[in-house]
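Below, each structure is written out as structure tokens.
In what comes next, chain A is part of two complexes: it sits with chain B in the first one and with chain C in the second one.
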Partner chain A sequence: MLQFIVRRLIVALLVAATVMTLAFILTRLSGDLAVSIAGPNATQEDIELVRKAYGLDRPLTTQFFEWVGRAVTGDLGESYFFKARVSSLIAERMPITITLGLTGLVIALLVSLPLGILAAVRENTTLDRVVQMVALLGQAMPSFWLGLILMITLGLQLGWLPISGTGSWQHYVMPGIVLAFSAIPALTRLTRAGMIQAMGSDYIRTARAKGLSRASILLKHALRNAAIPVVAIAAVQLGFMLGGSIVIEQVFALHGVGFLAWESIGKNDFPVVQAVVLVLAVIYVALTMLADLMNAVLDPRLR
Partner chain B sequence: MSALLEIEDLAVSFGRTGAVRGTSLTVERGETLCVVGESGCGKSVTALAVMNLLARGARRTARSMRFQGEDLLGLSDAGMARLRGNDMAMIFQEPMTSLNPAYTVGSQMTEVLRRHKGTPQRVAVDRAADLLARVGITAPGLRLGQFPHQLSGGLRQRVMIAMALMCEPKLLIADEPTTALDVTVQAQILRLLAQLQRDLGLGMLLITHDLGIVARVAHKVAVMYAGKVVENAATAELFASPRHPYTQGLLRCVPVPGKIKRDEPLGSIPGTVPRVGPDFEGCAFRERCSFADPTCTQEIPRHRAGGTHDFLCRLPA
Partner chain C sequence: MSAVSITTGPRRGWKSVSTWIGAVIVGIATICALFAPLLAPHDPFAQDLGKRLLVPFWMEGADPSHLLGTDQLGRDYLSRLIYGCRISMLIGVTVTIVSAVIGIAIGVLGGFLGGRVDDAVLFAITTRLSIPVVLVALAVVGLLGSSMHLLVITLGLLLWDRFAVVARSTTMQVRNLDFVAAAWCAGCSRFRILSREVLPNIASHLVVVATLEIALAILLEAALSFLGLGVPPPLPSWGLMIAEAKDYMFFSPWVIVIPGIALFVLVLGINLLGDGLRDAFGTHRTDT
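For the complex of A and B:
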């Protein structure tokens, strides 16, 4: 177990290093920070002055290692536009993104577990095919488009839910649904496959031979085993959702980390963009590790 | 009093294959009936049909199926579930995979008792520990808290047996319970089953392909071939004077120390059990039978050869 954790930590470090390099290179490729700080009416001299003042004239490698060196100690630098520490910017907005991600995950599980079980129990019937079709549609649907559709129907026409902002829990429902849609197909298919496999197993035959109720056979004996891969993927999906909320936070005007990233990309605010990418990558790696640990908890054979 | 289990003319088909084609069996209280035959002869399907545990897509029909006088054919799924694990229990050929890997031995054993008798958990745990001790498991308290993967195949099969006994069943159906085990463990499990059967007065339907097992534990034997019982007899009678050519062939395949000579080839039956449709006519063994003649394609009469001995062959007694 210890060896396993150490190995995972090494992988996590490698991932972090890769992500930092890529984030650094991509932000430099995407625009010139000096130009955007100087503003649209700046002359070439102004831009050069800004470049010097912010140390952007130094070689890229120097800038990179300076950033990495600080980041390792937890110092993510300062935003050029918000005039604030990047770490406090992210910390301030993280709760919104995490709330959104968890809402999305809960909705996704509430939909995909029952659907997957239903499809498995009715394997190869029309119902099963309909469920799989719906799952496929969900995967094919762009989230910004679904978000807009929901805003028009649930928000404007029916008036059930607020369409933007973060004032109450209701504000998280619609973006949560949109976020969940991206995770539902995979989770539903995985639940279905796991349940079909479990239901055909010898231990389910034993459970039936014991005269257990249908509910106990399905939900206790089969689901417990089918859920093992689902839990792992759900944790990974949560990572996707936290990262993928950039679009949705934009659409629903939720001022979370995704929104911050979007704003900063527009302004070439490199320190913020780099830090957001790094933080999300680290969370993602941590979640995949958590998934493995949860597998070990759920599956006694792995303990 | 009616027999413990009485099946008349059971037929099970999977699409165009007739797995069981008119099988009649009777198990009396406290009696062990062995059903023998090669792989694919329909013996396991017969056992599963009694428990109503057949896979989806199987078609089960019978003239009658009675358990303690109760009609099993007319029972609803819920009614059948009330009998299973309670008055009739079953153990399987695959001890390695028949226990749920996600739950402890104790949890899996006690849930049967809670389900059927509403026994409180604490009492159920005590009974589970008693039964584990009874099937020869040392340190039952420790085993109750363990997961199946921590136990050997022999131990798991003992757990399955103990679990089957939780509700004091009247009938135990055992489908090749020792096939997957080491020879030494096989002997232990068999001895255990025979002893439990005697002590608890269990009726037992034991499915096996091993005539050595039959000789040791069966009171009577039904020999199955291609979905039909081709010979019924009390155990001693069957071994002394087998009447059906298939039974005779099976017995020739068993080496008996002292009776066979060192370099003499052991008997064998050429070919394998054919897959036949539900409406197959005549004797299904005719292709492999050295006594076969054209009349074997017609309907075969069942001959009596004494009180409880009968066989299905055109050749008269």
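For the complex of A and C:
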């Protein structure tokens, strides 16, 4: 078990280091950063000033290792636009993104677990087909468009939910539903497949032979085994959702980390952009590791 | 497994219907994309400020020469929709070609050679998955300026992971089959075995992945264009149409409903077709 954890940790660190390098290269793609920061009306002198002030006149390797050295200690640099520490900017907005991500995940699980179980129990019936169709429909739904449609219907016409902002918990319901749509197809299919496999296994036949109730067989025996891959994928999906929430944060004007990144891209604020890429990647890596560990704990065969 | 899996009769019938629906949708979209200039009733770029936000045919007061109405600049919505289909299909297909080349090359090499090479391939896939696609694509386009070429290359470089995963796992299965061993014994070169024995046998899996990727690329393009960092205006990308019409959506919801439904139906059609192909080839869902 310990060896397993150490191996996963080493891979995670290597991935983080690679992403760090890629994030640095990404922000240097535009060629001359000083020109973009100084703006379109800047004179040659202004550009030189900016270059000096931000240390962009030094060799790229020096800049890279300085950034890495600081990032490892938690110092992600300073934002050009907000004139604030990038780490505190991200820390300030992370709760919104995480709240949104968790809301989305909970809604996704509340929908896809029952749907997946129903489809598995009624395999190859109309109900099963309807559930699979729902999964396909969800997969084809453009999230930003669904967000706008919900704003018109639930927000404006019915007046049930606030349209944008982050004032209360109600503000997270619509964006949460939209975000959940991206995870529901995968989670439903996986629950269904896992349940079908579990229901066909020997221990379920034994449980049936013992005369256990249908509910007990389904929920205690089958679901527990089917849940293992679902738990793992749920953690991974949360990682994807945090990364993908940028679109939804923009639609609903939720000022989370995604919104911050979107604003910063528009303002050439590259320390923020590379930091957000790095932070989201690290969170994803941590979540997949957590998923692997949970798997190993839940299913001793995987250790 | 049990008697349950034998009763696939009704399922097959329903499946073939849904596959046909998918095929028809994709067929219509392909025709729209190829023959957009012939099909569009108006110039999709021609503005007519006297005819702004005309309503579509099912509403009262519609102009019969503009079946789906006009947008906020008086451009014919149906014509823009048809040209938008061209952009979606073009981006979907080209992005998939770029990502297929990268992903299949990486995946087949890892699966075929194994060992250190495979470790490196797995690492590349893990790293790629940890990178937030939308954010990085937005950043690249934001820094370099929006254009179709850049968008295709960026998305292509970001979406190869599923190709790599499937190519790798299927190559591993094929590698150990008898006919590959026979080819080795007959003295075939590595390249010949890869191109003549392995690739044809994993192709059906890759075609199914390709349909998923085309759908994904189309959705991503729309999202990026919606955020203003995808296809540059005045090109009629469906995502861009939704973004431009957003300010009017509370008073005339159809301005975002029409391009949104087009996007939804096209992606659904591609996915239905992909599902049908999966069943026809007898390939299992290797991913979720």
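By definition in this document, the second predicted complex is superposed on the first by the 290 of 303 C-alpha atoms of A that agree within 3 Å, B and C clash if a C-alpha of one lies under 4 Å from a C-alpha of the other, contacts with A are read in each partner's own complex, and residues count from 1 in each chain.
To be clear about the criterion, a contact is a pair of C-beta atoms (placed from the backbone, for glycine too) under 8 Å apart; a residue touches a chain by one contact, two chains touch by 3 or more.
All values derive from a computational prediction rather than experimental measurement.
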Chain C versus chain B on the shared chain A, clash or fit after superposition: fit
Which of chain B and chain C A:L212 touches, first, second, both or neither: first
Contacts of A:N225 with chain B and chain C, given as first, second, both or neither: first
First, second, both or neither for A:W160, with chain B first and chain C second: neither
Greater chain A contact set [chain C / chain B]: C
Chain B versus chain C as contact partner of A:F4, first or second or both or neither: neither
Which of chain B and chain C A:D202 touches, first, second, both or neither: first
First (chain B), second (chain C), both or neither touched by A:L298: first
Chain C versus chain B - closest C-alpha approach in the superposed model, Å: 6
Residues of chain A that lie at the interface with chain B and also at the interface with chain C: none
Touching residues (chain side chain A, partner chain B) in the complex: 201-203, 205-213, 216, 221, 224-225, 298-301
In the complex with chain C, residue positions of chain A that touch it: 11, 14-15, 18-19, 22, 26-27, 29-30, 36, 123-124, 129, 133, 136-137, 139-145, 148-149, 151-152, 156, 186, 189-190, 193, 197, 200, 233, 239, 242-244, 246-247, 250, 258, 261-262, 265-266, 268, 270, 273, 276-277, 280-281, 284-285, 288
Chain B residues within the chain A interface of the complex: 51, 53, 80-86, 89-90, 92, 94, 97-103, 111-112, 115-116, 147, 149, 160, 163
Residues of chain C that touch chain A when the two form their complex: 1-2, 4, 7-8, 10-11, 14, 18, 123, 126-127, 129-136, 138-140, 142-144, 215, 219, 222-223, 226-227, 229, 239, 242, 246, 249-250, 253, 256-257, 260, 263-265, 267-268, 271-272, 275, 285, 288
